[in-house]
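Below are structures written as C-alpha cells.
Common to both upcoming complexes is subunit A, partnered first by subunit B, then by subunit C.
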Partner chain A sequence: MNGAPYTVLRTRGLAKQYPVAGGRRLVAVDGVDLALDAGRTLALVGESGSGKSTIARCVVRLVEPSAGEVWINGRAVHAMGRGSLPELYREAQMVFQDPNGSLNPRMTVRQVLHEPLRLHLKLDRERREARARQLVEQVGLTPAHLDRYPHELSGGQRQRIGIARALAVEPDLLILDEPTSSLDVSVRGDILALLLRLQREMRLAYLFITHDLQVVRHVADDVAVMYLGGIVESGPVAEVFARPAHPYTRALLSAAPVPEWGVTRTRLRLAGEIPSPIDPPPGCRLVGRCPLAQPGCSAARPPLVEVSPGHLSACPVTLTAGDRP
Partner chain B sequence: MTVPLLRVDGLGGAFRRRDGGLTPVLHDVSFALQPGCITAVVGETGSGKSLTALTILGLQPSAFVRRSGRILFAGQDLLALPPSAMRAVRGRRISMVFQDARAALNPVFSVGAQLADVHRLQHGGSARAAWDAAVEALRRVRIPEAERRARQYPHEFSGGMAQRAMIAMAALVCTPALLILDEPTTGLDVTIQSDIMELIVELCRDRGLTACLITHDLGVVAESCEEVVVMNAGRVVETGTTEAIFTRPQQPYTRRLLAASRLDAAAA
Partner chain C sequence: MKRSAADATLDPAALPAAPPARRRRAPASWSLRIGAGLLLFYAGVALLSLVWTPYDPLAPGMGDGYLPPSREFLLGTDRLGADILSRLMAGARYDLGITLVAVAIALSIGSALGTIAGYFGGVVDTVISRLVEVFQAFPGLLFAMLIVQAVGPGVPNIILVLSFIGIPDYLRLARAEIRSRRAWPYAEAARMVGNTPWLVAFRHLLPNSAGPLLAFTSINAAFVALVTASLGFLGLGLDPNTPEWGSMIARGQDGVMTGEWWVSFFPGLAILGLTGAFYLLGDALSDLTDPRRRR
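Let's turn to the complex of A and B:
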C-alpha cells in the first residue's frame, strides 16, 4: 500500500460561528473543503483573523464545529461522541506555535513523553522508557535530554520535544499550527528539515498552518489561501505561487519581502485592513479592498472555480479578464 | 565618507547576575550611522541588537553594566551625559519606535491626546494647536478619518494602525535627527508590514531622517535599508552596504544567516 494515494483528512463545508452580543454572529470559518493525502503537506495560509487556526482546532475537535463534516482515515470525526475522542488522538496530533506555552513547565521531558504512551498506548514503564529514548533520538536530541525541564531547553529543542510528543502515538496526521513562527531563522531551517525527514520516514500527512510564504514554498505540496473565514484560492504550491489567480493571493505574495538584493516587487495593494468577521455582507469577501472589484462582486459569494488542473480560485473577475500573469 | 551622525565605539558590557557575578553580553560593539541613511542592525535572539539600541537612548536594563566604549552623537558622548542632559536628547534629538505599539501607548488616554501631550512638551504652544498637530501627524501616516481616530483609545486601534500612530509620534510630533526602530513590523501581517515599511522609508527620505532599524527580518532589510550591521552573540560580525552584505557577504555567519533566511541549500 506504500505509495498508493490515500486520503487521511477530508473536510466538507466546515464552519464555525460564534454568537456575539446583540444577536449577531461572528463567522470564523465559513464552509471550508479540504483534502489531504498520506505523505503530503497541505499549507493553510492567511493573515490574522482569517480562520486558519480555528480550522486546525475544529479538525481535532478542540473547538466544536458549527456545521460541516470532518473525516480522518475514513472516520466521521464530526459525529464522534466526546468519550471516543481519544481514539481520534491516536491518529491525529497537534504541534503548537509556542513550545513554552504547550509544554508543562513542571514536567520533565521524560514525563511529557511518557504521558501519551501511558494514556493512549497503555505501555508499561519499561517499554515507555524505551520508546521515549527512541523518540528523542528521532527528533535529533539525546536520552540525556529526558531529564531536562522545558526551561533548560532552547526554543528549537522545545519545539523538537513538542514534535516528539505528537509522534509518540504514531499518528497519521500532524496538525502543525505555526510551528516555526516563534523561532530564529537558523533554527527554523533545522525544524523544517526535521519535519520533512519525519514525513518521508513515516509517510505522515501534515496540515501546516503558517503565515510564512517562504516556509510554504519550502515544505508544502498544496496550499489553500484563506481570507475572512473562507478559502479564496487553492492548488499545487508551485502553480499557485507562479500564477496566483485571486487578487488576495496576489496581494499577499507581492507584499512579502524577499531577502535578496535588487529585487523589485510590483505590489497589488488592497485598501484598508481586514474587516470585522461579524455579520459579513454577502458577496465576495474582498469587496471594499479589492482594486479589481466590479459591480457584480458584491451580489453573491463567488464560488471556487478551476482555473487549471487542481488550481481553484474564487474570483470571476481575474478569470474572465484573462490577465493572469 | 561623511561624518557619521552617531558612532557606537567599542561598546562592551555585561549583565549582573543575582549572585553578583557578571555575564558578558556586548563585546567591543562598533558601528556608525551615516546621516540620511537607514541602517539595519540585524541578528537573532540574544545577538545584542536591541540592548545596543536601548543603550543609545540610555534605556538599558538596570542590570546592564557598561564596561567600555562611547556612543558619540553629534560630537557628544551620550554615555557621559548627566541624566538631565540625556532627557533633553531622548525624544527631542533621538526618538524610538517599539515593537508592540499597542503596549507602548497609554491605554487610558486617547491616541490624539498622547500625541498632543508630546507635542506641547516638545514645542510648547496652545492645547488647540497641539491637538491640530496630532491630527495632522495621524493624517500624514495615512490613518483614515484622522480626527475621529485621534479621539479613540489604543485598544480601538489594530496593531498596524497603532504602529502608524507610534511612528507619527516618534518621527513627526517629535522632530528628531535620529529615529531608532526596534522590530517595528514584527507581529504584523505581511501586507500591513509592507505598508508600514514603505511609510518609514518615505518619511525618512522626506525629512532627511537618519534611522536605525533593529530587525531579524533580512527581507525587510534588503528592500528598505542602505547599510547593514550584522550582530551575533554580542559582537558585530560584519558591516557594509546592503548590496555588499547581500551579494558579497564576507563572514561565514552572515552567509549562514542569509542561507537560513532564504531557506536554501543549508536548510534542505
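Let's turn to the complex of A and C:
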C-alpha cells in the first residue's frame, strides 16, 4: 500500500436549488469545490441550514445536484445513470446522523449487515456470515449482537452497526453525516476513537459533517466552513483554527467554549440571525451581520482567495486590512 | 494489509450488551380476544358446514314452514321449511369467504399501487391518485350494486366487485404511509447498501407500514361483510336460494310483522357478530401498531 496522495473525492461548482412557492428558489448549496485525499479527513462545518447535509447527499446522489461536478475515484458521479449508482455505492458509503432512523426497525443486525454483502458483493450465505462476524468485531461489538434488533441496542451500539454496514463493501470514501451529534456525550468519544482507528486501518477518506468545532479539531485534517450554502473559508485545521481569516469563522470560533480556566478572548459577534436562503441577494452572504462589512461587500460574491498556502478565505476586507491575529 | 483482523481488546465499554431483552409482548386486550375468538368460531363453523350440518341447507321442506325454534329445529325453519341453523352454518362460508377473499385482493392490489404511487411520486402518483378519486366519488354500496348489475351474478363476480371498490382506500392509506417514510434515513441507507428503488419500497418501507394497513384491513372487512349481506338482501348477485345471511334476512322479512321473528333475526345476529368481530380485531390491531394509541 503506498502513501501517495490520491484524490478520492472532488467536487466542482456543486449546487442545489429547490423551487419554492411564488417562482422563487431556495439556494441550499451554491457552488462548492471540495477535494479529499485517500486516508484524510475533511470536515464540513456550519450551522443548521448551511447546506452541509445537502452536500453529503448530493455527493452520493441521494439528492440530485442542480449543477456542478462530483468525481469519486476518478468517476464522474454527476454523469452516472441512476441505474448504475450501486457501482458508486461500492466505493462511497455513508454513516447517518440518527442511528435510530437509519436502521430498519424490523431487521436484525445480521440482516442489516448481510444486505450489502448480498446485494453489492453477491457473497453466498456462509461468506456473508463470516464477514458479518468480522464486521461487528471490527466496530467493537460481538457476534452475539447479530441477533439483536435495533431497539435492543444502545444509541452508541446502533451507530457502530451503522458504521459496520457502511464498511461492509470496503469503501474508499465514508461520508459521515454528523455521526455523533445524536449520541450521548459519554459515547461520542468512543465512536470518534473507533472512526479514527478504522481510518488508520483501512486508509479511508472521511467527509465529516459536523457543527461541533471540538470534533473538527479532534478528527479532521482539513476543514471547510460553510455559511448559507457556500464555503467561506477552508484549509488545514490547525491553520484555520489558529489564524481564522473570515469574520464568520472568527465568530464561530470565538463563540465556542474554551476548555481552559482563565483564558479570555475577544469575541467577534455577528448581528442578528442567519438569513433566509430563499432568493439570496448578490454579494457576500454575511452582509448585514458582519461588523467589518464595507460598501463593496454587497456588490458581488467575494471569491475564495489564498491567504497562506492551502488556506482559502472569501473575505477581501480581512485580507487587505491586514488585521489577521 | 488493508483489513486487519478485529481488535478483540478494543472498547470493552460496548461489550456488555444489554441482556437479551425479549420483545415485551403487549397483554392481549379484551377486544383482541373477543374479536379473534369470534372470527375463529365463524371460521370453524364454515369449515364444519362443509362436512356436517343438521339438515340439508339447500333443501326446502325439512319441516313445515315457519316452525319456531325447538329441539328438532334449534333455530326454527323458514317460509319454505328449510332448517335455519343449517343454512346459517352454510352461510358462514359465503359471508366469511367472500369477505376474506375480497379484502385480501383489495389489500394486495391497493397497497402495491399505493406503494408505487407513494414512493415514486411524480406522474405515476398523479395518474393513480386522480383515477382513485374518480372511483371514490361513488358511495361504495351504490357502486357495488351498479357493477354487479353490469357484470352479472355469481360468487366470483361479487368478490371482484367488492375488492374493486375496496382498492382505493387501501391505495390511499399505503400511499400516505409510504410517503411519510420515504425520506427516512433507513430508506436512504437501503439505497446505499444496494437496494433498487423497488426493493426499498416493497422490502423496506411496505413491511414497516404493515401494522396500520392490517388494522385498517380488519375494520374494512367489517364494512365489506356488511356490503356482502346488503347485496344478498337486495337479491343482487346471488341465487335467492343461496344460504347467504343477507338473502336469508330478505326471505324472512314477511314473517317479522306476523311474529315469525326468528327467520330474519338469527342471520341478522350472525352478520352483527361477524362485523363486530372484524371491528374489534381492527381496533385492537390499531392499538397495537399505533404507538400513539399504545398505553
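In the analysis below, the second predicted complex is superposed on the first by the 319 of 325 C-alpha atoms of A that agree within 3 Å, B and C clash if a C-alpha of one lies under 4 Å from a C-alpha of the other, contacts with A are read in each partner's own complex, and residues count from 1 in each chain.
Everything below uses one rule, namely that a residue touches a chain if its C-beta (ideal position, glycine included) is under 8 Å from a C-beta of that chain, and two chains touch if they have at least 3 such contacts.
Note that this is a predicted model, so its numbers are computed, not measured.
> Applying the touch criterion given at the start, work out whether A:Tyr89 contacts subunit B, subunit C, both or neither, answering first, second, both or neither.
second
> Classify the contacts of A:Glu129 with the two partner chains as first (subunit B alone), second (subunit C alone), both, or neither.
After superposition on chain A, A:Glu129 lies in contact with neither partner.
> Does subunit B (first) or subunit C (second) touch A:Leu252, or do both, or does neither?
Touch partner of A:Leu252: subunit B, not subunit C.
> Return first, second, both or neither, reflecting whether A:Gln214 touches subunit B, subunit C, both chains, or no partner chain.
Touch status of A:Gln214: first partner only.
> In the superposed arrangement, which partner chain does A:Glu69 touch: subunit B (first), subunit C (second), both, or neither?
neither
> Compare subunit B and subunit C by how many residues of subunit A each one touches, and report the one with more.
Between subunit B and subunit C, the winner on subunit A residue contacts is C.
> Using the superposition on chain A described above, determine whether A:Asp190 touches subunit B (first), subunit C (second), both, or neither.
both
> Would you sort A:Glu239 into first (subunit B), second (subunit C), both or neither based on which partner it touches?
In the superposition, A:Glu239 contacts neither subunit B nor subunit C.
> In the superposed arrangement, what residues of subunit A touch both subunit B and subunit C?
190, 193
> Quick one: which bits of subunit B touch subunit A in the complex? Just the residue numbers, please.
Residues of subunit B touching subunit A: 44-45, 144, 158, 160-161, 189-194, 197, 216-223, 242-243, 246-247, 256-263, 266-268.
> What residues of subunit A sit close enough to touch subunit B in their complex?
47-48, 155, 184-186, 188-190, 192-193, 211, 213-215, 217-218, 251-252, 255-263, 267, 270, 272-274
> Within their complex, state which residues of subunit C touch subunit A.
Touching subunit A: residues 2-8, 10-11, 13-15, 17-18, 20-21, 23, 184-186, 188-195, 204, 207-208 of subunit C.
> Residues of subunit A touching subunit C in their complex?
Residues in contact with subunit C: 1, 57, 60, 62, 85-86, 89, 93-94, 96-98, 101-106, 115-116, 118-120, 134, 137-138, 140-142, 144-145, 147-149, 152-154, 156-157, 160, 162, 165-166, 168-170, 187, 190, 193-194, 197, 201-203.
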